[in-house]
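Below, chain A partners chain B and then partners chain C, in two separate complexes.
Right, the complex of A and B next:
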């Protein structure tokens, strides 16, 4: 299937070790190959500033009170939301990474990712709304 | 323009001072003010920055609006005005530094900088985030900013300095140059250059006036100098003439002084010159050596305090006062001895000569001092040596006299005066025949002359009668010389008193005579039983009548026993004389011991003599005593008692009593014999001596018995006492004290209870003499003993290789291989089992030999001769360790 990827959205449809089989990277000229979980974790910990295509990495997170943020914190840092927040605050303070973009919910996240090349967010199966529709072009 | 120059000359100094002050003010104050302002500005800017950061963190925390955080924080590290920025979060009252820029900042370093005014902080509170943002301003940035701001000022100041320097040189040219010209002119005038005129060309009128005045001064001085030079030339000529005369005088004076000084310095005596106030004015090298003070130190010092001992100072000062008042000095121009004081405080003997000399109006005193410490010491040593020699000669235990060539006494020692009963005054300076009136004087003087004539004269023996006693002297003579360069000869006569030697010589001659008598007696005593033994043995050989055999054998046995006792007595006396007898105490039941005493067979039939024992207080008492030696004492005394009693009774009386843990006894042997005269009682106690030689001939005996008894009793801390009257018998009495043995301590008498246990014993007898082998065979035959005989050491070794024995008796003195060597081979080569005892069987009966044999490895020592009973008892007492033969 020749598919031009407009969206770089990684849908987390399952958890744990099934991630590498279940995940599908999509996006603008970025997802021609699958991303290993390790590389994605690096991005969500602020340790990756530029994608291979040369675009800046923009991390998109739901608001800090959300369950999705909590899940992302657990996945990326194996910590709670506060520590994940603190982690980002410290690396942004030290100038090692740009601050992530916080959105209200998953829908806004999808919208943001769609509109901003290089942006990336995580949708969690357990916390994604039932009526969420992901359109892949 | 002169007024302008004058004005400038007046104001340039104050102007320069003001300009320098202004520069100092501007150069210090303005940079300080700028630093303060810049620091305040920096703090305000930091405060603004940190507040912005805090607000944005608060917003990001509260509203998840992180959009400005990257923008604010991202360029922190690029700000040169910041040393660092730190993010500190607070949670549960605890602060933790979560991030810093640069990242190596720690919480501790932030706390450490609390007091730094450039440390600025701002709190934030944004939902989950509470804490503070801290930034520290950079001192280096402040410094660089300050330097940048101060650069224009520094340039301006440099321009001002350049201007001031320029002004200085300008003014110097205008004012200082003319003044320098004036100074140089003044200098040249001072140095004598009065010919160069002063250049008065200057634009400052005060200076021009000064130059004119200076030039007039120069002209006046020049004229004055010319006048002075004329005067000086005249004076110089006069001075040169006078100087020449003075130098000549001084040279003569110096020569004289050098001569005087060299005389003083080379003097052998110390020379000290003092003025009328006793201040030292001259001090030569010898004085330095004697007193220890250098010339520099001594000159000017008070004489009395420097070299006169404290005890003589007052006399010295009085003498000086007396001389000053009267002009008389009793010690002046006289040589006398006194004492002086060295630098180290030592007071020493000196010889002193003082003379007074008038020099101008002043009088000085020259002292010539000689240190006589050594000569005094030598004199004292000589005197001491003389006393020592005199003491030595007088203390010698010999007679010493010296005579001169006229044979007159020049010295007689105390011992000689005492022996000759003379006074020294009566002998010194007189000849021998003028002092003594004895028969040997003429002979003695002849011998003296002979010695003077160089003849050798052997010592002679002279006698002196003194208080009825005769003293013997051995007199010798020889010549001695005294002095090295002019020797003087004396005849030295010495004499030893040899009275004691004479007495000893007499005693020795008597002792030799006694010993000859003793040897004759012993010879007789030995020959008599030997004669009996030889004759009876011969008769025994010839006789065929059995009834005679027993009688002959009994006589042979009696003679042999007598001979043995004699030899034993001689040995005992020899050992006792050499103090080699040691007592061997053992428990002794004293009552049984006394009751066991029997009459003693003397071998001489002297008629009917009864024997009575009278003992009291001995019941049940056991003492530690040497049975054998006590028995020997009593046997000797009883033997004498029976020997010298022809008819009557011999009584042994013993009285005993406890004394604490000891038992005291008084023993007495009383006979009714011939008795001993008072003068003979002392003699009989000595060895070899009987009351008179006729006793020996009549009663026999060697005379050793009482001597041995006396020595044995002394070993037991006792003395033998004799009470006797000639013809009325004698009583020999002594006291003994022995430790009591309590019944519990008493040992069983093994000897009496031991049974006969030698039957079946396998005994090897090693003996080279055939008669002794036969005797042993004869002795052992009745005892059912398995006797094997080896005739030599080698045969004994071979026999032991082939047979087993329970006991070995080994003769010591054998040809080829003696008993000791044989024993070594038997032991070293394990030929004989180690448990088989080897006993020495020898005629060497001394204790020394016995100990030596035991040390060499013999189990016991048997002494020849030996009766069958004694051998049997020995074998019973020394059984083999192998008990098998008894079965």
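Right, the complex of A and C next:
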């Protein structure tokens, strides 16, 4: 019984930490309001160019020194901000992905996403507005 | 059709070089027509896309400085050198259209032979993204024949080792100017393809003027993040055994007019490459293997000058490069490399050789935008080939950076 309880707590803890790493995705005119986490991760690795809506993917990130950027790096690439910045630098240089848009903070991210169809960001601190929130399947 | 024609290119006897070479791919007219149709479809969609978004442009500069001490055949040399400086521009002109260019100021020759700089447009390409599975790219680009040429380009900051593999300078056709169809991140394995029709290795940097074109077909999968496995095939006809800027072949490696063994004949050039890149945990590795087959082209006309060349057949040349790095600490890495080339005596384009280079090194990243590398390398090989065995030790140091 004690063993089962420990396993249950472990599972609860691990799912909770995965969610906190991911944060809350927000997007504008992506064609759907619900995506599997894997698909969202692909987008944040630069592996997706067009949404179901036909809009082109615009990745919105906070500046590379921010805590929000660090958390997105840990979730998307399982790496730190340093390696995530290198990753983007490299794939943009290859010509295989468009450069992300960098904003000052999460407030600015919300404004940018609201104004730009196809834009997607991840919030770790701010509360996601209902009209932009993307649910994770 | 290409694979059916391929074996027929190789066996033809003493021929004279015609003033106008027939196209390498006889079905190319149909291919060109289809390509033009696709471009037309793409262009027709441009005005709507252009209206939708303001351009987003990034400008970066990549560069490097190198110091070198070497001992070759008992003689010692040393130098500091300023390497390629690459002005990189990427602009998202509209949601579906982007532009990318690399303009490089770099030494004219490498090593001690370098005496001056030249300016070169290394990439200038416009991309229209239709879907994940289709983008149309036009302009000057790096041929996607292997991982290195498709990913690192002139950005030394990204190089895993200080020097490019030796397949560069020998067989890798670095650039082409033409049209490319590209699809990527398709399906669960993130399958990607590239199909490029462009000016061949014998063309100059600006234009071509012949019906002869090169064809590159490349596929890859990315089963995991930071893992890519790829295969490619490249076909071209080298006119008069003479290559231009796109080939990027090093001066010492291939035959020039006046060299013993030089024959001004048309050559059918095939290159097959396999690449594997993987980064997982503390390990990073890159393997590049290539098979190059070169033989007399059907376009040659019988001539007493080329008597006997028809009996040579097709050469089978191989190159192999392997790099492995292991993280030590948070930002440092120890690394090892092996680089092998083998070019057969019967090859009419590249001078025969069997070379081996291996080395160990250390790399440290100060930031995502600055890194340093130190490498100790040994150059050796086997005697009995046109290019003599090398006997050289090198200690190299490089600082690579990106500014924006």
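In the analysis below, the second predicted complex is superposed on the first by the 91 of 137 C-alpha atoms of A that agree within 3 Å, B and C clash if a C-alpha of one lies under 4 Å from a C-alpha of the other, contacts with A are read in each partner's own complex, and residues count from 1 in each chain.
One rule holds for everything that comes next: a contact is a pair of C-beta atoms (placed from the backbone, for glycine too) under 8 Å apart; a residue touches a chain by one contact, two chains touch by 3 or more.
Bear in mind that the values here come from a model prediction, so they are computed numbers and not experimental data.
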| item | value |
| --- | --- |
| Chain A: partner with more touched residues, chain B or chain C | C |
| First (chain B), second (chain C), both or neither touched by A:74 | neither |
| Which of chain B and chain C A:45 touches, first, second, both or neither | second |
| Touched partner set for A:102, first chain B, second chain C, both or neither | first |
| First (chain B), second (chain C), both or neither touched by A:118 | second |
| Which of chain B and chain C A:63 touches, first, second, both or neither | first |
| Partner chain(s) touched by A:55 [first = chain B, second = chain C, both, neither] | second |
| Shared chain A contacts, counted only where both chain B and chain C touch the same residue | 64, 82, 85-86, 89-90, 92-95, 98-99, 101 |
| Parts of chain C lying in touch with chain A, wherever the complex brings them together | 53, 56, 58, 60, 88, 90, 92, 95-96, 98, 100, 123, 125, 127, 129, 131-132, 135, 141, 150-151, 153, 155, 157-158, 184-185, 190, 222, 225-226, 331, 365, 367-369, 402 |
| Sites on chain A touched by chain C in the complex | 42, 45, 47-50, 55-56, 64, 77-78, 82-83, 85-87, 89-90, 92-96, 98-99, 101, 116, 118 |
| Residue ranges of chain A in contact with chain B within the complex | 63-64, 81-82, 85-86, 88-95, 97-102 |
| Complex interface listing, chain B residues touching chain A | 57, 60-61, 64-67, 69-70, 73-77, 85, 87, 89, 98-101, 103, 127-129 |
